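One chain, chain A, links the two complexes that follow: it is found with chain B in the first and with chain C in the second.
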Partner chain A sequence: MNTSNTATEVDQSLLYPSPYKEFWHAFAQNKGAVAGLLFMSLIVFCAIFAPWVAPHNPSEQYRDFLLTPPVWLEGGNWQFLLGTDELGRDLLSRLIEGSRLSLLIGLSSVVISLIPGVILGLFAGFFPRLLGPGIMRLMDIMLALPSLLLAVAIVAILGPGLINTVIAIAVVSLPSYVRLTRAAVMGELSRDYVTAARLAGAGLPRLMFITVLPNCMAPLIVQATLSFSSAILDAAALGFLGLGVQPPTPEWGTMLASARDYIERAWWVVTLPGLTILLSVLAINLMGDGLRDALDPKLKNAA
Partner chain B sequence: MFSFIARRVGLLIPTFFGVTLLTFALIRMIPGDPVEVMMGERRLDPEMHAQAMERLGLNKPLYEQYFDYIGKLAHGDLGESLRSRESVWGEFSALFPATLELSIAALMFAGVLGLLAGVIAALKRGSWFDHGVMGISLAGYSMPIFWWGLILIMFFSVGLGWTPVSGRIDLLFDIEPKTGFMLIDTLFSDEDGAFLDALHHLILPAIVLGTIPLAVIARMTRSSMLEVLREDYIRTARAKGLSPARVVFVHGLRNALIPVLTVVGLQVGTLLAGAVLTETIFSWPGIGKWLIEAIGARDYPVVQNGILLIACLVIMVNFVVDILYGFANPRIRHQR
Partner chain C sequence: MSLLEIKNLNVRFGDASAVPVVDGLNLSVDKGQVLAIVGESGSGKSVTMMALMGLIDAPGRVNADALTFDGHNMLTLSARQRRQIVGKDMAMVFQDPMTALNPSYTVGFQIEEVLRLHLNMSKKQARQRAIELLETVEIPAAASRMNAYPHQLSGGMSQRVAIAMAIAGEPKLLIADEPTTALDVTIQAQIMDLLLKLQREQNMGLVLITHDLAVVAETAQRVCVMYAGQAVEVGQVPGLFDRPAHPYSEALLAAIPEHSLGAARLSTLPGIVPGRFDRPQGCLLSPRCPYVQDTCRQQRPALEPKAYSQVRCFFPLNQEVA
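Coming up: the complex of A and B.
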């Protein structure tokens, strides 16, 4: 009994580390990435538990406390940690509520563009003569327009709002997924394991989704992280231009737009929403760098 | 070289048609009735409605509408603004110099500072300066520039009163637009202080618009410079006793510049998108602000063809960058 136990322990230490452990080891070496992960965990926690974390109702207007400064300034009030806005709404509660929207927009636009992007990329890679050129040309056309402008154009036509913002950002980030998937697929198709799977009689769907796709995931995960951060940024920009989520919904960019008029009197209503955007985007980009180093060491010095 | 250029031109044509298809489709994608949306009236009398449909050609089959659109474009007819009744091309060409001036100023700011920071960071790899540059450039890359603009206005314009809040020039000055570039026009005008005033107006918007390119250029210069400094010819140059400055700037930077220039060229699209935000914040009278106002006013001919013009601009710049890259790096020319 005893001897067999020690034998398994020895075996454990000799084993090749599990992929997850290996990944975490590489990821944790990048201190910035870990810091980004911690910050994002905080944001995600706040977003999920917003009703319990937020000290006030984000749309409740405290008419006696218009433009109250944050607590550490003269005239600040412990009731409103980060102060209030022009209608007396608690800024901290609105920022927390806004994190829900930003994460929702980021997540849904990534999912909506990732799935068709991967499928188009797979088809373009598997049929390089038949479908490849057509699909890639279409993507080049979409890339010819600056992403924010294309999003602006789409929203201009569909009308402003939460869902149209998501659609616009999803359309804009589609080409990069298609290109990445296609490039990765073309690289994998000449490998021996694909030939082996073909010889074993694997059908096209199986080849595409089960044999090849899992081996193309690394760059896609990195790209998904990066487009998550640019989705948050673009959504805020659309909100700021008045084309995104409409007030009084506390979206970060929309909050900034309505705070513009108070730039001379209340710096906190202008500074804090933007700082939240900057820190979130920075945190996600730092995580993206860490993921890239851990998953795809070839790209380490690429950009 | 010729076949390389011919191939690139061959790629240009379908891209151009694709973009026209896109801008053509934009108008047709408006939910509901485009005439009602454009005229902004809920109950138009049916006769006027039919007339408007007829005038805009919206009652013809789709393919015929598209050919009409292409035919008009081929004649240089980009339609007219619903608001001002002026031709879209006329408005675009009047406002474009303002955007160009802002973009050039932003790129100069980003280029000079970015190259310098990147080169020094590469030379002092691992130092606190290197870490500082990399950290700041990552922050710059993540910057919501519309907020950055507001912060700079709050600090420099409202707080310190150093720079004006908006516009290109003080209303006191009466400058005749000769080139459309305010700095050049004011330099040759006889109004005292106009040039300095125009410069003061330009500084903050240029910094805001240049922030993201600055971050990209600094990072790119650093990594490209690090690669070049490992090359044998750098060691040779050092060994034969050239001054360190000459080794770094003539032998090193010159070769490190190629990838940097490509990245800058590809940033032009981002720059134009950034111009939309920057111009909105600073009330800068360029094409970005024009486009956003047109969207607000549902001025669809301006939206449609303004976007077409910007897309063509981006395509052309990318084309030129491609060709220049082919000149600089012969290996690219012979790829499939």
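Coming up: the complex of A and C.
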């Protein structure tokens, strides 16, 4: 009895691989994506365990070690692996602490723009006459302004700071979610299963969130990862302009900005935060690519 | 009283001056009866059924003298009341099984959803019943298929699942909109057999929308031939096949390949269904009709009872009474 049961269990798993397994199989095909995932896991690990991973307190100023070069350069010191900045703070610790902020900004701005973006997009797609034109023209206006300029304007109105930075970035990335959701919804609405759901007596909320939305998720997930990276980049840009997170908080863009006076004397103070931004953005984009390939069956066998 | 009664149904897309897509259609279906609706693409077969279920959205407009199903007036029902009837007492099977199932959910979930919401079953009951339904539609290893996603099933299998979903609420009327068009020939026969078996077992009314006259001849009791939104001939099945009275019915029957055995070319009716802007003043078939006369070009005939069936033609064929 037992054996026959397990036999059918095995049979079943052979017939239908679980969606997660299928996804991982497709994702693992893309070596760049896996590399990006590994690098991102490292950063996430650092961000979560920052107080334990960082060798020093990121705000502590070692006055005797101002602008110490990294350990592999002449004059380097094993106490400060990546050197110190103009106030003698350990650069490695600040970068690790900064990853917390960058991930926080990326994650929260994605969430804050994804949720209203998806809802607006659903409404625009479901009511193409009533709400669609209004919502979409508003989004077009937002897209017509250069994104950084819009972000700067919003921060200028709200005042600089962590939360306002997040809000500004979220507002700037809203139109892409709305457009993407609306396009996907309009594509799905003409499919028979939507009619079938209406025939089965599904009401509007069920139709929107349970029937149609899950089928629009693949492009949204990819867009979310990609805008995660652009959120980090925008936050860095705002920080560099002095409008983002304020010093002494160790945010990558702010670090870059406060160190630009030393670019000729101590290149590492500028280069290392810049390199960290570059690498994490690259890693996220590679991951996003892999996600797209794995989630969009139409592209699965392309390239 | 019949299960489904449609009187003088008109569907237009646009204002009152727009060309009707369905024009003065009368239909009725009784319990346990199979009604076939045939006609070429664009003749308004599917739109009729959409109108019945209340799925015509603006700018489409539905007018009818009566649209009653099982004692309910479908024209005056609120959206909420209609949702309780549609999907439970009246269900539909679609043409393309590959798009009729939601790709994001397992087939088990989709069937259970219907059962839980329409019949208020618990999760456990629903699962049990869903497996039974899959067995009813002759899906092998039903329990393990519950966890399959639609893309993991073949076309014929998907159509069986779609049928299982449709009959989940034990409907009184099942509408099958070209249920076999997207399937290959051997599967077509199986699906038709299944539909008819279920129809007989549950004594459902079945509306079969199809191009396939061979299927009609084997299955339906009554047939309605539609052309450009109008019923051109309504009659009993063997009779209409033996003695088509409307030239369009005759042309449809002549176009069956088996009827042209040995001929160099298949018999066809030249031309296409008139569109929005080129509707003739007279009979809608007059530009294509091989028997056309001057009267046909000037006046539109009405649907009137003739020797064997109701016909919309001034000069019906095969009227000699034996």
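Quick notes on this one:
Keep in mind that, in the parts below, the second predicted complex is superposed on the first by the 284 of 303 C-alpha atoms of A that agree within 3 Å, B and C clash if a C-alpha of one lies under 4 Å from a C-alpha of the other, contacts with A are read in each partner's own complex, and residues count from 1 in each chain.
Simple rule for what comes next: contacts are C-beta pairs under 8 Å (C-beta built on N, C-alpha and C of every residue); 3 or more make two chains touch, one makes a residue touch a chain.
Note that this is a predicted model, so its numbers are computed, not measured.
In this overlay on chain A, chain B fits alongside chain C without clashing. Comparing chain C and chain B on the residues of chain A they touch gives the larger count to B.
By the touch criterion defined above, A:I48 lies against neither chain B nor chain C after alignment on the C-alpha atoms of chain A.
In the superposed model, A:Y193 lies in contact with chain C only, and not with chain B.
When both complexes are overlaid on chain A, the residue A:L256 reaches chain B alone and has no touch with chain C.
When the two complexes are laid over each other on chain A, the CA centres of chain B and chain C sit 100 degrees apart as seen from the CA centre of chain A, to the nearest 10. Superposition on chain A leaves chain B and chain C with their closest Cα atoms 17 Å from each other. Here chain A touches chain C in the complex through residues 8, 11-12, 15-16, 19, 129, 191-193, 195-203, 211, 214-215, 217, 297, going by the rule given at the top. Across the complex, chain A is touched by residues 53, 55, 58, 79-80, 82-88, 91-92, 94-96, 99-105, 113-114, 117-118, 144, 147-149, 151-152, 162, 165 of chain C. The residues of chain B lying in touch with chain A in their complex are 11, 14-15, 18-19, 22, 26-27, 29-31, 138-139, 141-144, 146-148, 150-151, 153-154, 158, 219-220, 223, 227, 269-270, 272-274, 276-277, 280, 291-292, 295-296, 303, 307, 310-311, 314-315, 318. Against chain B, in their complex, chain A makes its touches with residues 32, 137-138, 140-141, 144-149, 152-153, 156-159, 229, 233, 236-237, 240-243, 253, 256, 260, 263-264, 267, 270-271, 273-275, 277-278, 281-282, 285-286, 301, 303.
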